[in-house]
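Two complexes come next, and they have one chain in common, chain A, joined by chain B in the first and chain C in the second.
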Partner chain A sequence: MTKVLKINKSTEQGILDLLKFLLEKGKVKGIFTLKKINKDGSVAYSLIAKPDELKYAVPFYPLMPVNAGKLLSRFSLKGSSSKPVAAVVRPCELRGFIELVKREQGSLENIFFISSTCGGVYPIDKSVDGTVEKNLSKYWDAVKKGELPAELRPACRSCEEFIPYAADMTVDLIGNNIDKQCMIFLNTKNGEELTKGMDGELLEKEINKEKIDKFRSKRGAEKKKLFDELDVKMDGMDGLIKIFGKCIGCHGCMRVCPICYCKLCEFESPDSEYKPSNYESDLKKRGGLRVPPGTIYFQLGRLSHISISCVSCGACDDVCPVDIPVAMIFKKVGESVQKMFDYIPGKDVEEDIPLVTFEKEEFAEVEE
Partner chain B sequence: MGKDEEFMPKILAFLCNWCSYAGADLAGMSRLKYPPSILPIRVMCSSRVDPLFIIKAYLGGADGVLVAGCHPGDCHYEKGNYYTRRRFVMLKELLKDLGLEPERIRLSWISASEGTRYAKVATEFTEKIKKLGKNSAKNKIFL
Partner chain C sequence: MSKLKDNLKSKGAVISAKTGTKESIIDFLKKAMDKGVFDAVLIPMRVPAGDSFAYVLIKDKSLLKDSFPLPPVMSVQGAKAVSSLTRLGKGNMKIATVMRPCETRATIELTKLGQTNLENITLISMDCPGVLPISDFLDDPNKGMKLFNDAAKKWDDEIMRPVCQICDKSSMVAGDIHIGTLGAKKDTFFIISNSQKGNDALEKLDIKLKENIDSWQAKIKDISEEKQKKRKKAHNDLKSEIGGLDNLLDTFSRCINCHNCMKVCPICYCRLCYFDSDKVKHPSEDYLQRAESKGSIRFLPDTLLFQTGRMMHMSHSCVSCGACEDACPVSIPVAQIFSMIADETQGLFDYVSGRDIEEPLPLVAYKEEELHEMEDAND
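Let's look at the complex of A and B:
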């Protein structure tokens, strides 16, 4: 059983009260959360230090401008904060951050995580045209009923990892009566410490398994549908050429990826630059060449480097200007690669990334 | 190559300095016969082979890619080949998922004293690739 803080207010208000409480009591010095920038619905992650500023905070707003894991990595890359900070993040963002910490690209020290059972988010381009604002009440209605909100990103519609693993507190959103109550699961000692003194009822509970399973199976069905659609297209080299043919080589997917952290990417290094002799030899060999070259190489290369840790946050889909289903491709390949090693990326910071560890007796069948 | 001539694959072989390259050397010194399909590249350890090398070779039109290293437990650097093995598991799965051809890549353990094994692996793998035919990526313009 987990300790639960039940606040008899709407979840939205309950969270804001909690954040305010944390700041006012000095339990944390800053809150990392989404903040409203504009009435049209654009939001950005911000560090908030003054309780007053919290009136612009919109934790769990159904939009992910950037994977917060990537931001927290930048926040803690050069050393951990000396003051405690509470970060309100989605499960996939937290997993992304933990994968980065495993790669020594950040530190968990002095960061407390408040996450939620996640209903998913809208595509980023829906934030600027007002769609998210317009759909907001429909979104929360669906989440409350444990249904899949319409028009979400494919990565979210098909996500089965919507319960955070390493959060200090988990706010129950899916299938919860969020208009009337705010249920905060206190998963760790830190979670309990932080909420001590906060108004509300302390209960002992588990997240309702039945409703979670039901929700997961809906997501699973959606995932199967999306994978099946992808399978038709992802058929060998010709399929890949068709899918990635329209790639403009902006490398946006790589830049927003929480796992791709290299400061100088192999694919952007001078080594990857085509010399006249490369062009000539390719022309001779193939009788033609796509320019810029190396699109499939880039995507396969990125798959080989990060699929083991892909948290399927869908940030790559959000930024792709030519609508290549990058996120679903990475999710599909990622899931099967991760399954080989029985690995859930970002689940546990103590668990090694499968490619940097080994067992002496294993996978004998791969050698021929 | 004339039309009637048999297809001789081009197989890129990454051989580790301490075991497999020496094994290949031994095969040569022992005058063992194996097909002229293998293009060896010596690396200090099989774990030096980034999966990117294999992907690049495959997209560049290599009909097969062989990575060979010391037997598990015998790595000169103690554990390099264990990492290689895991990467291979990952890479094969990745290629399979995309509908590419994991059969075109092969991982083999060949020690410095196994000249005959080297010749056998080279022959076997060449035969297998012959059956698979040419790597179609070789003529693709749109890579």
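Let's look at the complex of A and C:
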């Protein structure tokens, strides 16, 4: 059983009260959360230090402008946080951050994680045309009933990892009566310490397995559908050429990826540059060459570099200017690679990344 | 514009295009390859799935028939392709590039910035009706193709990208050879040379530059003047919309820092941008202090610093090609904003990006009277 803080207010209000409590009591010095930042209602991650500013906070707004794992990495890249802060993040963002920490691109120290059972988010362009704002009540209705909200990103529609692994607190959203109550699962000692003194009932509970399983099977069915569609398209090299042919080489997918942290990507380095002599020798083999070269090579290379750690957050899909289903391709390949090593990226910071560790029996395999 | 006019030769050649303009341009290129004027041609082609276009360096002449001298979208800015081909040296092949005027101009800017080597390159440009926003085209490529062809025929810019609608340099001759379709009699087009290299190439092809091109010049003058008016108006409207720090912050508030605009920009060639470098990565105390003093900060902070910084770094060379706007995932009108700033910064120096390869970049050249200005300022 897990300790649960039950606040008899809407979840929206309950979580804002919690954040306010944390700041006012000095339990943390800053809060990372989504916030409305201008009069048009643009939503962006913010670091909030004064309780007053929380009135613009929208912690579980169904949008991921940036994978927060990337932001927390930037925050703690030059050393662990100098003061305690709380971060309200989605399960895949937390997993993304943990993968980055494993790669020494950040530190978990002094950061407390408030996450939730996640209903998913809308594509970023839906925030620009006003769809997200318009659909908010429909979204929360669906989440409350444990249904899949319509029009979400493919990566979210097919996500089965919607329960956070390493959060100090998990706010229960899916299938919960969020209009009336705020249920905060206190998963760690830190979670319990932080909420000590907060108004509310302390219970012992588990997240309702039945409703979670039901939700997961809906997501699973959606995933199967999306994977099947992809299977038809991703048929061999010809399929890849067709899918990635319209790639414009902006590398936006890489830049927003929480796993791709390299300051200089191999595929943007001098090593990947073609010399005139390379073009000339390639042109001896073929009548024509795409310029700049390496479109598929980049995608396959990135797949081989990051698929073991891909958390299927969907950020790549959001930024692709030519609507290549990058996220689903990476999810499909990611899952099969991760399965080989029985690895769930971002689940546990103590677990080594499979490709940098060796197990004894693997040596035997190599010998044979 | 007076310099531009000086640049233009007053005579050109009239080429018969009975089989269609596109086909005749391809014939011209084929002939040039046959005669060894060019060993290869860099030109857009449709990608295998048919849903977009890419630059292809063609050596096998038979592939030319599938090329698209004037595709309906700008998937990659051509200057980036030329830079990829020649940044590390001129190579042994004589290559003709077939690009839009803004791509040709960006190539010239990149040459001034040391990012291309044009020694073996012949730049061929064409009158440009604009391109569709890439997302509009991708919604339905076949329909997009048809819409584009119809609009291009009528020189109607309504469906083109906003920045194309206000382009007053869509026929600017900056490379070596220009193909003029405007003002030409039915089933013909003009060929105009703009350099010794252009002259030499055309001479080898027995193309004599003896004919009158007044009708082309008159037509492009009309279009350019009309577009200049449109451009001024659009920029004035934009200025009142985004002027002042608050409006500017609002305009860029939905920016997600993906830096796609920078990555696709033909002018932004730095391998590691300052705004991605260690200089913008701070210890957590710094962020916390800033949040403490302001109540809260956006994270990542400094979105506007990136945008204005990029403006400062490249606006004097910006060719208003619109690639940035195509690539922005949150539909910020980046290209329109940058085109407005570019007109102002280039105007200060009486400079037009990519107009003339001999014209030095304003920020790396000094004029004597500028030194006097500095002296005066010190008095």
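Note that the second predicted complex is superposed on the first by the 357 of 368 C-alpha atoms of A that agree within 3 Å, B and C clash if a C-alpha of one lies under 4 Å from a C-alpha of the other, contacts with A are read in each partner's own complex, and residues count from 1 in each chain.
The rule is simple: contacts are C-beta pairs under 8 Å (C-beta built on N, C-alpha and C of every residue); 3 or more make two chains touch, one makes a residue touch a chain.
As the structure is a prediction and not an experimental result, all values here were calculated from the model.
Trainee: Given the alignment on chain A, is it a clash or a fit between chain B and chain C?
Mentor: fit
Trainee: Just chain B (first), just chain C (second), both, or neither: which does A:G249 touch?
Mentor: The answer is second: A:G249 touches chain C but not chain B.
Trainee: Counting only touches as set out at the top, which of chain B and chain C does A:M340 meet: first, second, both, neither?
Mentor: A:M340: touches chain B, not chain C.
Trainee: Per the contact definition in the header, classify A:R290: touching chain B only (first), chain C only (second), both, or neither.
Mentor: Both partners.
Trainee: According to the stated criteria, A:A49 is in contact with first (chain B), second (chain C), both, or neither; which is it?
Mentor: In the superposed model, A:A49 contacts chain C only, not chain B.
Trainee: Using the superposition on chain A described above, determine whether A:K78 touches chain B (first), chain C (second), both, or neither.
Mentor: second
Trainee: Please indicate which partner A:E273 is in contact with in the superposed arrangement: first for chain B, second for chain C, both, or neither.
Mentor: Only chain C is touched by A:E273; chain B is not.
Trainee: Using the superposition on chain A described above, determine whether A:I241 touches chain B (first), chain C (second), both, or neither.
Mentor: It touches chain B and chain C both.
Trainee: Which chain, chain B or chain C, is in touch with more residues of chain A?
Mentor: So, of the two partners, C touches more residues of chain A.
Trainee: Could you tell me how near the closest CA atoms of chain B and chain C get once both structures are overlaid on the shared chain, in Å?
Mentor: Between chain B and chain C, the shortest C-alpha distance works out to 8 Å.
Trainee: Touching chain B and also chain C: which chain A residues?
Mentor: Common interface on chain A, chain B vs chain C: 241, 245, 286-290, 293, 295.
Trainee: Could you please specify the touching residues of chain C with respect to chain A in the complex?
Mentor: 40, 42, 45, 47-49, 51-52, 54-60, 62-63, 75-76, 80-81, 84-93, 134-135, 138, 249-250, 253-254, 256-260, 263-264, 271-272, 276, 281-285, 287-288, 291-292, 294-300, 326-331
Trainee: So in the complex, the part of chain A that touches chain B is made up of which residues?
Mentor: Those residues of chain A that touch chain B are 234-237, 239-241, 245, 266, 285-290, 293-297, 300-301, 303-305, 307-308, 332-333, 336-337, 340-341, 354-360, 362-363, 366-368.
Trainee: Please name which positions on chain A make contact with chain C in the complex.
Mentor: Against chain C, chain A makes touches at 29-30, 32, 35, 37-40, 42, 44-50, 52-53, 56, 65-66, 71, 74-83, 85, 124-125, 127-128, 238, 241-243, 245-246, 248-252, 255-256, 263-264, 268-269, 273-277, 279-280, 283, 286-293, 295, 318-323.
Trainee: Where on chain B is chain A touching in the complex?
Mentor: These residues of chain B touch chain A: 51-52, 55-56, 59, 61, 72-73, 79, 82-83, 85-94, 96-100, 106-109, 121, 136-143.
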